[in-house]
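Just below sit the structures, each encoded as structure tokens.
Each of the next two complexes has chain A plus one more chain, namely chain B in the first and chain C in the second.
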Partner chain A sequence: MVSKTQETQLNRLENQVDNGGGGAWEYLCLVRMLKVRRSEKVLKYGLSILNDPKKRSALGPEEWTLYEQVAIAAMDCQCLDVAKDCIKVLQKKFPESKRVGRLNGMLLEAKGSWAEAEKAYSSLLEDNPLDQVIHKRRVSMSKAQGNISGAIELLNKYLEIFMADHEAWRELAEIYASLQMYKQAAFCYEELILSQPTVPLYHLAYADVLYTLGGLENLQTAKKYYASTIDLTGGKNTRALFGICLCTSAIAQVSKGRNKEDKESPELHSLAATALEKDYKQRASDKLGLLTSALRSLKT
Partner chain B sequence: MAEDLVLDTAIRDWVLIPLSVVMVLIGILRYFVSKLMRSSQVPDPKIVKEGQVIVRARNLRAAANFIPPKSFLSRRVYFSNEENGLLFVPKGQTQNAQAQMFSDPNMAMDMMKKNLSMIIPQTLTFAWVNFFFSGFVAAKIPFPLTQRFRSMLQNGIDLSTVDVSYVSSRSWYFLNLFGLRGLFSLILGEENATDDTQRMMQMSGFGFDPSKSLGAEKDGLDIVQHEWALPKFEHRAEAVLKKLIR
Partner chain C sequence: MAADLKYEISQNAYIKLVLHALKHNTTAVNGILLGRVNPQNENVVEIIDSVHLFHSNLALLPPLEIALIMIEEHYGSQGLGIVGYFHANERFDDVELGIVAKNISDHICRYFPQAAVLLLDNKKLEAVPKGKCQSPVMQGLT
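For the complex of A and B:
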């Protein structure tokens, strides 16, 4: 997760570099550190540095990291010959390197020759069975080939060893949600909430999954998690506000005869509705009519 | 008795400063040598897995109140289950870990290498200090000390009437040994091999680490009482929204 200050700094540098000011190298370093995906810009500015021999020598030993970064960006933009050139340079400099081997595997992946890439990755894994990046590349390869169940299997095996990797849990949760295996997705989101309890995104996603699962208990839990998202984001998250309204009406429908409502629910619902209306009035006043009619239909 | 000894400034020029300079240089040399000698250590999958299990269990303990009670309970059973729980280590295995660590040739070699690179320069420098710089008062410590420190700080000086604040160069050597660590982390960056004291602390706690911390996590997990924090959040969300609407 990128913090707000880092995001503003990144945008500022991006603007500066786009408009012709200097600072390309700092931009590239920041992108690399934050692991953001800005492949086109990285490719453009990275190549401009690398093709200029004066600037290249000014980098010193960082030159090779830049080659690696540009190679990956080129593969992302499908400029495979640029990537191949960069990898060739790196291979000349570091002939027996595992990192270069990994880049070679990624190039094969980008070209679409899945079997060869799989062979390259397995041989790298034999040397070092605990390389996290290669495991993740295999998972993304299965996903790219459309073999989602294979991706799930590989990801589960990866998570058996590396259980503390929350990025992997997040990927698994999204895969399960896309396959509508909501119970498993809920489990993954719980893991995410456990490792990072103050990130509202996970609360929101968990609440969505619970709401989709349905059933009175899940709906009540979902409402609680929407409430926690509102708390964590200071009431600004529109989706959570909608979630509260939907949950309340769904609970009312499910428990029609039984008056098991808890004490706070009516207030929360009306508060959420009012907050939504206020927000829409500010930001999208033409849609306010739609909103009010939708909310009214929910109440009935 | 309580007179002030006047120490020759030549002592400062020819003893204190060269000694510090030599120690800094030896530290830098040791850093580079250890970098050369360091073999890339292939991490053992079991140890990595145990480390990750511990992190996950710790997260569970820390944020237990954020997930619904049923999920917490099922996870707790998963971790501390008697037969195949992740944290459960049968009694026989605990001893094994330590014995295995010492008999494992790779790890023993590694530890020996690290120890050597630490011990040899220290011993040599200490001998050199003793040989060349003994028998005279090197410095005066600015605060008064009790008599018990006399044997430690005044090795070369055989007069028992000299105030304990006047120390020999051996104590200057020890002062530098522990004090230059900060300087090294400035010059050499974070990971330098001169963290002797840290290394010594690590060595004593090495062998037991995996299995003991697993047991500790298991106990900690058993103790945790789950108190679901989410209902509170509904109230808080209301308060937030009320403030927002106003």
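For the complex of A and C:
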């Protein structure tokens, strides 16, 4: 997961390299560190370094990491010949390497030879049953073949062992949400909030899932989590502000027939609405009219 | 079932949706189709514009609700209404309308019974740069 500052830095570097300003190696290192998926650019700039013998030798021992990075990017862009060449080079240099074995498995995956890839991964797992990357590759293989329930099963088993893998919890939550299994998705987000309570993204996603589940209790909890998101982001998160407005109007609708006294809600709602209007005035003043009418329809 | 409904999609609407799908080629994307019934011919629905919605977390309700409210407000003032839904699946060979897409499009159909549902055919999209003129797969809704 990438923070906003890291993302702006990455985009700035990308623009610089795109416009011929150099800095390709720094860009590739940053992509690798942040683990973002920019395969077309990585392929283009990685290859330009690797195909130039002078630049390649300037890398020293980092050359092999670059080969691995470019191989994976090539597989993502379906340039399987490039990937095969990179892997061949790596195999020559590191003949007994498990890391190269993994790349070979990924190449089989990219070709669509699922059974062979599964065989390759199982044999690698026999030697090293705690290899996280291979476990996750098996999950993605299930997902790629459309076997979502298989992916869920494998991912659950993985998380029983590696409970601290936040990205895996997020992936599981998204899979559950896409299947409309919102209760299970909520559970995943709960785990994430427990382990990393200061990350606003999880609060926001949890609130969204609770709102989608519906029901008065869930809506009230969702409102609390939207509020905590706003707290954690210093009031800058537009989605959370909108979430508050949605929650208050939904709660009002659900509790229309009952006698529940929700004294604090009009304040919270108007605070959120004011914050939104201020934000829109600053960043998109021509859409301000749209916002006010949308908020008005929510107030009813 | 209405007899022989025809849909006309403007280039603008079509291109916006396809470009959005291409930009986020690793995730599912969706969008809303806007337009109106042809005033001269009731059996023709004109899709005049489109708004692309999300490229992550498509199944969550709050962003969708806000988006729909704002879209209706904005395009209502131009005389256009929501006439359909566009969806592109995450996987290359997935040509089925998933649960989320079905739910959203059912919902739209309740408000506009002649709503169109467009599902992007990834295989045809792949063939586009090779010069073939392709269109997204269309499915009518009951």
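Everything below uses one rule, namely that the second predicted complex is superposed on the first by the 276 of 300 C-alpha atoms of A that agree within 3 Å, B and C clash if a C-alpha of one lies under 4 Å from a C-alpha of the other, contacts with A are read in each partner's own complex, and residues count from 1 in each chain.
The definition used in the following text is that a residue touches a chain if its C-beta (ideal position, glycine included) is under 8 Å from a C-beta of that chain, and two chains touch if they have at least 3 such contacts.
Everything quoted here is computed from the prediction, not taken from an experiment.
K.L.:
Could you tell me if A:G234 is touching chain B, chain C, both of them or neither one (first, second, both, neither)?
P.N.:
first
K.L.:
Once the structures are superposed on A, label A:A275 by its partner contacts, choosing first (chain B), second (chain C), both or neither.
P.N.:
In the superposition, A:A275 touches chain B alone.
K.L.:
Is A:M163 touching the first partner chain B, the second partner chain C, both, or neither of them?
P.N.:
first
K.L.:
I'd like to know which partner A:L130 touches here: chain B for first, chain C for second, both or neither.
P.N.:
A:L130 sits against chain B, while chain C stays out of touch.
K.L.:
Is A:A177 touching the first partner chain B, the second partner chain C, both, or neither of them?
P.N.:
Once the two structures are laid over each other on A, A:A177 reaches chain C alone.
K.L.:
Looking at chain A, does chain B or chain C touch a larger number of its residues?
P.N.:
Ranking chain B and chain C by residues of chain A touched puts B first.
K.L.:
Which partner does A:L34 contact after superposing on A: first (chain B), second (chain C), both, neither?
P.N.:
The answer is neither, since A:L34 touches no partner chain.
K.L.:
Could you please specify the touching residues of chain B with respect to chain A in the complex?
P.N.:
42-43, 45, 48-49, 52-53, 55-56, 59-60, 62-64, 66-68, 71, 230-231, 233-238, 240-245
K.L.:
Quick check: in the complex, which residue numbers of chain C touch chain A?
P.N.:
By the definition above, chain C touches chain A via 26, 28, 56-63, 65-66, 69-70, 73-74, 91, 93-94, 98-100, 103.
K.L.:
In the complex of these two chains, what residues of chain A are touching chain C?
P.N.:
Answer in residue numbers: 37, 143-144, 146, 174, 177-180, 205, 207-209, 211-212, 239, 242-243, 246, 290-291, 293-294, 297-298.
K.L.:
Mind listing the chain A positions that touch chain B in their complex?
P.N.:
128-130, 160-165, 187, 190-191, 193-195, 197, 221, 223-228, 230-231, 234-235, 244, 264, 267-268, 271-272, 274-275, 278
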